[in-house]
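Structures incoming, each one as structure tokens.
Across the two complexes that follow, chain A remains constant while its partner is chain B and subsequently chain C.
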Partner chain A sequence: MIFTGEFLAFMGLALVAIIGGVLLLNLNKVIHMVVALIFTFVAIAGIYVLLSAEFVAAVQILIYSGAITIIMLFGIMLTKHDDESEAKSGKWRKLFLFLGILGFAFAVYIGIYNFNVEQVPTKLHENNTLQIGEALYSKYIIPFELTSVLLLVALVGSIILAKNDKKKEADKE
Partner chain B sequence: MIEDLLQSSPGWANFGIFFLLAVVLLLVVLGFVTYGILAERKVMGFMQLRHGPNQVGGRWGLLQTVADVLKLLLKEDIIPKAVDRPLFILAPVIAFAPSFMVLATLPFTDKFQFADIGVGLLYYIAVSGLTVFGMLLGGWASNNKYALLGGMRAAAQMISYEIPLVMSVLGVILLSGSLNLNEIVARQEHGWFMFLQPIGFIVFFIASIAELNRTPFDLPESENELVAGFHVEYSGFRWAFFMLSEYVYLFGMSTLITVVFLGGWLAPFGLTFIPGAIWFALKFSVVVFVYIWLRSTLPRFRADRLMEFGWKVLLPIALANIFLTAILKTIFGA
Partner chain C sequence: MDLETLKSFEWSVMTPEFIILGVAALLTLLDLFLPKKMDRRILGWIGIVGILAAILSVASLLNVESTSILDDSFTFDAFGKSFKLILLVGSALVMFLAISYDAKEGMEDYRGEFYYLFLSALLGAMIMTSSGDLITLFIGLELLTVSSYILAGIRKHNLQSNESAMKYVINGGISTAITLFGMSYVYGLTGTTNLFEIANKLAAVTNGQQAYLLGLAFLMIFVGLSFKLAAAPFHMWAPDVYQGAPTPVTAFLSVISKSAGFVIVIRILISVFYNAAPTDNGEGILFKMHDYLAVIAAVTMIIGNVVALKQTNIKRLFAYSSIAHAGYILVALTTMSSNLLYSIWFYLLAYMLMNLGAFAVIQVVTEQAGSSKISDFAGLARRSPILAVLMGILLVSLAGFPGTAGFIGKLNIFVGAFYGTPHYVLAAIMIATTVISYFYYFGIMTQMFFRPASDERKLNIPFGIVVVLLVAVVGSILFGIMPNIALDFLNNLH
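Up next, the complex of A and B:
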């Protein structure tokens, strides 16, 4: 095996992403989980950079950093301050869980080990921001517009919901 | 040079060179922060008819910040009993690391740049958004109501103002046709984007002050409402990390404004006999001065006004600017 810089970087990022995921499931406090989630998302953005998908990487961080902050705020506001999730587990449960994980790992191993990925030479890594833009505005223009309409509807909906609350409060007073 | 290094095979020598370069940049930035703080105190002093630091290090107080930093580093490291210990320790690191990461892509001159990536502008804005976690986490982990309020304000403010920040540079991106900072500078050969995009420039500048958490938008750490905001419980070098990240962002944001709106290292009026680095330093200093100037002249916003201003004033103006730019570009051609 050749240790190239890319390999080392990938191993580092992959480890961070997986450890973040595992911690997300295993930690007890909401905020700690969110921190684990940050590490996973940033590591995945790093992997995008390794695949020379710079645009996707930057957008990943940009979008998710906002999204995670909101999750974090909800975590702070909607949960009890010192609440910790209780671990419930029996002996049998653990055993079945372990067997299940083994089975899954085995299935994935068999599925992936001899999976033949055809190497097609592409030019996707050159100027990929430009290419994404061109594809979005020529080939996929209708899905793109539909998505923006969907987002607009969500935005208007949330504003209406927030407005209603205000009116009721005003009525009460 | 960096380009060759990036493509060479990895090894300890290679690692050493990168490490050395990073350390050199860190030292340059620390030097800026040291004298940036001094400059801020001096300029604010003069504006308020005071002297500012004038004792340590001669008449100009040249060693004042050095003494302050030494004091911070020698202070006892206090971690209060009721804090969330791991997060309390992690928060300053999360706040500081992105501030240094963003410097990697900024072109200081045509030769002095570390990484030339295709989406440099987007990278800066995306990575700088990560700092807000550090602030929010620090506020939460401190287990203190003022700190938590400061953290919440930081989160609300930075997310709200990131949107006009991105929207206002879209005009520049439309005109230059690229997200690459080098190409954006190259496009300003015949006119800085500050003059081609005046509306975008003003919106960007205002939003950038909010992103930097400086007066008049320093609500997350407003000392007379929230004691000191999200870093009330921090002391010693952990507090120094928060402070450092704030000033590194001042460095980064001033560089970004110089590059995107003021033509970077390009010489105005064809005065090319003065090297680009000096032009860059001049423009950069002017931007930093304006930040300090605004800090000592404007009072702080009220929290609800701040949000209204971001969403109801800056965002529509930025959107209108994009629209206008697109129309003008279609009429007059690229």
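Up next, the complex of A and C:
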């Protein structure tokens, strides 16, 4: 194994991303969880840069680390957030879960350690954004348009489920 | 790619999808601009007209040769045509159920939203039937599932409905993540998302390590999609979700969503993994993984049927029964016989008819009783003899008695298990669990015919329910007596 700069950078970023994810699950306060999430988001953006996907990296920072985190913080601010996490589940269950994860990690590790990936030269770094745009509006136009329907559905759904019903409130008064 | 190339594609083969999309958009706008007081059922009727138009347009396109648009991102082939028809007919029937749905804690405020979310879910399912690209397939899957999450929770003030939606979102999210992880391995090993190119590249794989990773990818994709099929041991969400969701949504989840799940399983697993990384005697990964599939099929049949025995809630019982039916279809998938497509297609057709019919009766009875206990069916024969007889026919078909579509469906799968390498154990489990299923199906029958009614009120049957029952019962008997109609139809597709 050769320790190139790219390898070290990848290891660092991957480690931060995973630690962020694990902390997100284990921390008790919501605000702390959001901070852990930001670490993961930014580290993933770094991995995108390593893969010469600059545009995706920029979008990742703008939308995930920026917009989504801010919305989450607003959500936390405007709702009741003094609840701490629920009681812990049983010891045995945790043990089995841990063994399961370990088994899966081992199975994947056997597959990927020493895995020889053929390096294919690409032109991804040249005019990265232009290439994405061209692919998106020609070859992938059908999934692209469907995604907009999907977003519309999500929007309608969140309004239905989160809307405060006037009628109920009027009943209370 | 310039505009000329884009225009040169035969976009007309997407007409059914465009109709559904257009009607969904129209309903959204109408819901916005119609006066608040107006009954939103009119939107449901427009939706039904739209679905019927889509069925007609698929029917008119039946003779069109297989075409594909934009590197197979949309492919219109015999597979897509046949399964799309099942999905569309099933959706039209569910729409009739939804129009007649009038439970106490109903969805008065969100009836309009219900109809167009339903259409968008249908659009996702239709895209899944006719796409040859991983990305498009995945987006179709997400469109279907995201719409169903909302549909499950649409009775906002009902605790069970809330629980159902919450469980569905969490389980669905995890399963999607697992599927996507598996797909990313496939993409990483081949460098393309086009299913046919992937299949070609994988057929040339000889490296043992790559084959190992492909095996992992196969398992992850299959496990993720098993959640959608509600196959054991990934079925735990189904009973709670089915119980809490409004009855039309339960019908939708158990029929349309499950059929779409099988469609994507066949699309991805068979076209990608059938010849992947072949051994010396030409057996692909699918064949090597065949034991895992067999175990899942067997466990699904056993758990579904055995746990159904002790249910007291009719919707939970049908949740377990639908798990069991998924198990039977998985047997067909496991055996990989030459009549695989026909037997799965026919089973899904029969299952669609009998299950939707049964849900129509369940909806009428549970609405009247205000609860969904099996004992509410007591004395149905006296309260409404016709309804009881029709339900009896559908139950007989679900149990798989000769003369009904359910029997032919099971027979096809059973015979298929002996093609090529015979699967005696699976076939034996299938017979044994079918016998177990008689107990709970006939349990409902005894309630209907031999128990005194606690509530002597006559049932009034809305028009929508009449339509569904008529189609379901006539279809179940017709395909039970003359299954050749379906076989000829499928053979003449090209």
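Heads up, the rule we're going with is that the second predicted complex is superposed on the first by the 120 of 173 C-alpha atoms of A that agree within 3 Å, B and C clash if a C-alpha of one lies under 4 Å from a C-alpha of the other, contacts with A are read in each partner's own complex, and residues count from 1 in each chain.
Everything that follows uses one rule, which is that a contact is a pair of C-beta atoms (placed from the backbone, for glycine too) under 8 Å apart; a residue touches a chain by one contact, two chains touch by 3 or more.
Computed from a predicted structure; not experimentally measured.
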Review point. Thinking of the overlay built on chain A, is A:121 touched by chain B (first), by chain C (second), by both, or by neither?
Key: neither
Practice item. Pick one for A:54: touches chain B only (first), chain C only (second), both, or neither. Key: first
Check your understanding: Which partner does A:153 contact after superposing on A: first (chain B), second (chain C), both, neither?
Key -> second
Review point. Thinking of the overlay built on chain A, is A:8 touched by chain B (first), by chain C (second), by both, or by neither?
Key: first
Check your understanding: In the superposed arrangement, which partner chain does A:38 touch: chain B (first), chain C (second), both, or neither?
Key -> first
Check your understanding: Given the touch rule stated above, what does A:69 touch, chain B (first), chain C (second), both, or neither?
Key -> first
Check your understanding: Between chain B (first) and chain C (second), which, if any, makes contact with A:110: first, second, both or neither?
Key -> second
Exercise for review: Considering only the touch criterion stated at the top, classify A:90 as touching first (chain B), second (chain C), both, or neither.
Suggested key: neither
Practice item. Show which residues of chain C lie in contact with chain A when the two form their complex. Key: 1, 6, 21, 24, 28, 69-71, 73-74, 109-110, 113, 116-117, 120, 123-124, 127, 131, 133, 135-136, 139-140, 142-143, 146-147, 149-150, 153-154, 156-157, 165, 191, 209, 212-213, 216
Point to revise | Touching residues (chain side chain B, partner chain A) in the complex | key: 9-10, 14, 84, 86-87, 90, 94, 117-119, 122-123, 125-127, 129-130, 132-133, 136-137, 140-141, 148, 152, 155, 159, 162, 166, 179
Review point. Mind pulling up the chain A residues that touch chain B in the complex?
Key: 3-5, 8, 29, 31-32, 35, 38, 42, 54-55, 58-59, 61-62, 65-66, 68-70, 72-73, 76, 127-129
**Study point:** Residues of chain A that touch chain C when the two form their complex
**Key:** 107-108, 110-112, 114-116, 120, 134, 138-143, 146-147, 149-150, 152-154, 156-157, 160-161, 165, 167-168
